[in-house]
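The structures considered in this document are given below.
Both complexes shown next keep subunit A, but they swap its partner, so subunit B is in the first and subunit C is in the second.
Then we have the complex of A and B:
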C-alpha cells in the first residue's frame, strides 16, 4: 500500500496514524478507564452498582488487563503490520472473555447465591472496539469465503470451550441459563425451526411466484406491490390481524386444529414470518431473472431449448447468486423477527426477552438476545460465503 | 432449399413483414439487407419460428416448417446472433456442445465434433475448451458463437448481424472464415445485415427490405447495376457503386496480355484491391501472378475503369 509521499530524511521517525485505529483507541480508552467493567447487584432485580476494571478484578489481574488494552489500543492507533493487529485484537478479546468470568467469581461474596455480576457498558464497548479491529484486519486480509467460515467455526469453538470450562458460571446471564437450561434449548430449537421453516416455505412459494412474475409482465407490478404492502405492516399488527382468520380456520376446517393451527401460538408466527419473507425472495428472483443477458436467452431459444430447459439450464444458474442474496436477507431478518413470535405464544428466544422485560431482569433479556444476535451473525457470514463462492466459481476455476 | 411464400407478420396494427416471397437455393449465401425497422430480423426469425408468422408458409426442403414442434425445428437449424449470446456460466466446449447435447449425441461424438470445430476455428481445444466466454477476446467469442451454431451439422445457418460487434480488421477475417467454412460444409446461410459492403462481399444473392416489403432480390451485380428503387440506390450508395462492382470481380478475370513493372498482384485478389494498388503506386499497369507464382499477364487502370462503369 502506498501512503503519503515520503518526507526528506533528517526529520526523525515518520509516524502515521491509522484512521480507524484512532476511533478504536479513543473508544478503548474511554471504556477501559472511565466506563464500568462489571455491574454488581445484591439480587437479580435491584439496581446495580458499577465496578471499574480496578474494582472488579484482583489488583495484578486488573493491571495486566489494563496493560493489554493500552498496548492493543496503541497497536491499533498507528499503522502497524496486519499480523500484529490481528494478534492484538485476538489477545485482547480472549483476555476480556476470560477476565469477565474472573470478575464474576471475584465480585460474588462466597456462598451468596442471590448476588448477580454482569458485564457492564465498559466490557461491551471494549468487545465492540476490538471486534471492529478484528473485522478490519480480516477484511484487509481478503480471506477466501471458506477461510471466513473457518474463522467463524474457530470463534464458535472457542466460545463453547469457555462456556463448558465453567469460567463464566458466576456471571448473571449463565445463572439465568442454569435456572432455565431445559426451556433454553427447547425455545432455541423452536426459534431456529420458526426462522428456517418460514424461510423454506417462502422459497418453495416465492421462487415459482418470482418465475411467474418474470414471465408474465402484467402480474409483476401487482404481486410486488401486494408483497411491499405486507412488508410495511408492523409485525405486532400482522400477528393481531392473523388471529381472527387462523382462529376461524382452526374451528371450521377439520383437522386444522390437530395440526396445531390456532389463532395464537406457532401458526400465526409462522405465517407472519412467511409473509415477510416472500418479498425479498420474489423480488430477488425477478431481478435475478431480469439480469440474465438478453442475447444468452435469445440464443438459448434459437438453439432449440424448450422453456423448461432454458429456465433450468440458463436463466436459473445465471440468476442464482442474486436469488441467494434474497435468501440471505430473509434468513437474517427471520432470525431477528422470530423473537417477536413469543408475544403471541409462538415460542423462541423472544420468550426470555419478554419475560426479562416483564421482570426488569436485564440478564434474562440478554439470555434471549445474545443467542439471537449470534445466530443472525453466523447465518450472515455463512450465506455471504456461499454467495461469493457461487458467483465467483466460474472465474476461480480457470484462474 | 428454403421457400418463403407470402409471409406476413403483424403486431396489432403495425405490419412488420409484408407479404414476402422468395426462394433461397441450397448451398448459397443469401444476405438480407435493410435499415433498422425494415423487418429483416423478423423475417429471419420466422424461418426457425422464434417468431410465428401471421400469414404465409415457409418450406424447408419442401416441408412446412410447422410440421415439427418449434424447439425441434430450431435444433436442426444453426443460429448465430450479434454479441454471440454465449452462455457465461458454461465453458467454451460446453457452449459449442449445446445443440448436440440437446439432441442426445453420445459423449465421444460430441467431444470429437467440438474438437473438430475448435481446430477449424483456430482455437486449441486443450487450451480454450475449459475456458469461460468472458476470458476470450471479442473475435474469439464470435468464432465460438458461430462454431456453436454449426455444432450439430445443420444444413441451414441463420445469422443476425453476426459481425456487428467486431472491429473492421477482425470482421474481414471473420467474413473470410465464414465463406471458407460455408464452402467446406455446403451450408445454406441466411445472413441479416445493415451493411451493404458486407452484403455485396458475402452474398450469392441479396434481398433488400424496406418497411416490411421485399424491394429487390437479385445477385449483387444486378442490385448494383439496376437498383429496383431509389431506396435501393441510396442503400448501395452512389459514390460507392463502381468500387462495389469491382469488388465482386477477381483480378484473374480482368487480366490483359502483356507485362508491366512493379510488385505482382495475386490473381485471386479483388479487382477493387487491384485498382487501389494501381492508384496508390501511380502506375498505369501492374503484373499479375497465379497461385503458383507464375506470371499471368498484367492489369491496367484503363481496363478496370471500363469494368467499373455501369453495365449496359
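Then we have the complex of A and C:
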C-alpha cells in the first residue's frame, strides 16, 4: 500500500503543476486570506468574534506568517523536490503552532482573566492543508516502520516542548486545562487504564478462545455469531445494560465490592469494552491460524513435534501479524469508545467532552477530544509499524 | 441445522420488531420487572416507531453520501490520471477512522449546531473507510482477461467503467456498504448526546432516569435492525455475486 513511484519531474523549461499541490494551494489561499485565524471571546461561553491573521498578530509577524504560507503553497503547487516540500510543510506547521500562541497573547487584553482566545477555522484548515502536504511527502518517502515511529516521537517531543515553554498558555484550551489540571491527569490515566486493561483482558480470553475455535470446527460459527451480535448492540446501551448485573454482583458476591466492582462507574465500562474487543481478537486468531500453510504444519508433524510444540513453535508465530492486526483494531476502537464511559460515571477524557457539550464550552470539549484523538492516532501508527516489522521479518525468514 | 431454520428465525425477528414498534403496549408485562417505583415501562417522550424511522433515515443519508464519495474516490485513484493520489488517499481514510465518534460529534457542534448534522458528519466519516477499501479491492482485482476483452471490443474508458468494471465490483462494494451500515446503526445512537433524534434518545433517557427497560428496548431495537439489515444486504450481495460470476467475500 505504500511505496508510490516517484512522480515524473518536469522536463525542459515548461512548468509542471503538482495535482495534489493545486488542491493544497487552493485550500491554503482560502484559509490564509479569507477565513478567520483566531476567535476572541469576552468570556468562555459567549459567541466569539472572528479575527483574521492580520488582526490577530502584530503587523510584522502577520506579514511573516502570510509570506511563509504563500511560499509553502507555491512550493506545493509546482513539482518540486521532496526535500523542499518536506521543509516547506514542517516550517509552515511549526510557524502556525508558534504563532497561534502569539495570537493568544496579542489578543488578550493585559490583566484580563476572563477573555478567551481560541484557534478558528482558518487555523485548523491551514493545519489540515500542510499536514496533507507532510503526509504526502512522508508517504512518498516510503519510510521504514522504525522511521515512522521516530517521526511520531519527534512530533510528540515538539508538542510537549511547546506546551512546557508556556507559549500556548494564553489559549483557551490551556486555560480550561489549568482550571482542572489534577482531574485531567486522573481522568487521562483512567482512560488509558480502561482502554489497555480491557484490551489485555480480551487478549487473555480471546487468544485461547480463538485457538479453541480453530481446533474445534463445530464451535467456530456459533462463537463468532454470538460475538458478532454483541457488536451490533450500541455502545451506550451495552454500557447501560451492564449496570444492573454488576450492581447485583456487587451486593451479592462477597468481596466483589471491595475489588471496586460497582453498578455504575468503571466496572460496566470495562466489561463493555472487553466484550466489544473479543470479536476482533478471536476472529483474527481464527483467520491467522487458518492461513498457516499446510506445508509448515506437515513439516512440523514430520519432525515429530507435539500439538503443543506445533502451536507455539510454528502456527502461532506464523499467525502473529494477523493477530496483531486484530489487536490494533481493538486498541484504536477502545481508546475512542472509552470516551463514552463518562456517560455512566466511568471517567476518562469523555468527562470533559460531555461537560463541554453540556456547558456549550467548546474549548472544554477540545480538552477531552484532542488527547483522545492523539492517543488513538499514536496507537495506530505504533501498532502499524510493529505489524509491518513482524510481517516483513516473517517474509524474510520464509523466503 | 435445517436449511429453513435461519429463515424462520429471521421472519420471527421481523414480526417481533414490527409488533413492538407498532404496539409496544403488548410487551409491557415482559419489561415491567426491569423498572422500579412505578416508572414508565415503554418510552413515553415520543413514538418508538417515529424514532426508529428517523434513526434509519439518518443512517441511510450518511451511508448514501459515504458511498457516493468513497466510490468516486476509488474510481479516481484507480484511473491513470489519479493514480498518484492512491497512497495518500489510503492513509487519509485510515486516519479518519482513528477519530473517536464522540470527538467528531462534539467538535462538529460549533460548526453546524446541535441536532442531526453532527451525527450525519460522524456517520459519513465512519462509513467511508469500509466502502473505499472494498471499492479499491473490487476495482483493482478485476479479471485481466475481461478488461482486455472490453478494451479489444473498442470500449472507451468511460464505457469500460460503467459497463464492465463497476458491475463486476458491485458485490465487493456492497460488502463495504453492509459493514458501514452496521457500524452506522450503532454509532447513530451516540448522536443523541448532541440532540439528534435517534433511538439513542431512548437509551439516554434510560441512563438518566436509571430505567433499565428504556435502555433495553432502545438497545434491542437497534441490534435487531442491524442483524436484519446485515442479513438483507448479505443476500443482495450473494445475488449480485452470482450474476457476476464472482465469489462474494
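In this text, the second predicted complex is superposed on the first by the 381 of 399 C-alpha atoms of A that agree within 3 Å, B and C clash if a C-alpha of one lies under 4 Å from a C-alpha of the other, contacts with A are read in each partner's own complex, and residues count from 1 in each chain.
Convention: a contact is a pair of C-beta atoms (placed from the backbone, for glycine too) under 8 Å apart; a residue touches a chain by one contact, two chains touch by 3 or more.
Keep in mind the model is a prediction, meaning the values are calculated, not measured.
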item	value
Overlay on subunit A: subunit C relative to subunit B, clash or fit	fit
Touching partner for A:110 - first (subunit B), second (subunit C), both, neither	neither
First, second, both or neither for A:305, with subunit B first and subunit C second	first
Partner chain in contact with A:164 - subunit B first, subunit C second, else both or neither	neither
Which superposed partner A:59 touches (first subunit B, second subunit C, both, neither)	neither
First (subunit B), second (subunit C), both or neither touched by A:314	first
Touched partner set for A:15, first subunit B, second subunit C, both or neither	neither
Of subunit B and subunit C, the chain that contacts the larger number of subunit A residues	C
Inter-chain angle, subunit B to subunit C through the CA centre of subunit A, in degrees rounded to a multiple of 10	80
Smallest separation in angstrom, by C-alpha atoms, between subunit B and subunit C in the superposition	19
Parts of subunit B lying in touch with subunit A, wherever the complex brings them together	48, 50, 71-76, 79, 81-89, 98-99, 102, 130-132, 135, 145, 148, 158
Subunit B partner contacts - residues on subunit A that touch it in the complex	293, 295-306, 309, 314, 317-318, 394-395, 397-398
Complex interface listing, subunit A residues touching subunit C	1-4, 7, 19-20, 121, 132, 135-136, 139-140, 229, 231-241, 243-244, 332, 335-337, 339-340, 343-344, 350, 353-354, 356-357, 362, 365-366, 368-369, 372-373, 376-377, 379-380
Residues on subunit C engaged by subunit A in the complex (per definition of touch)	34, 82, 84-88, 90-92, 94-95, 97-103, 106-107, 109-111, 182, 185-187, 189-190, 193-194, 199-200, 203-204, 206-207, 212, 215-216, 218-219, 222-223, 226-227, 230
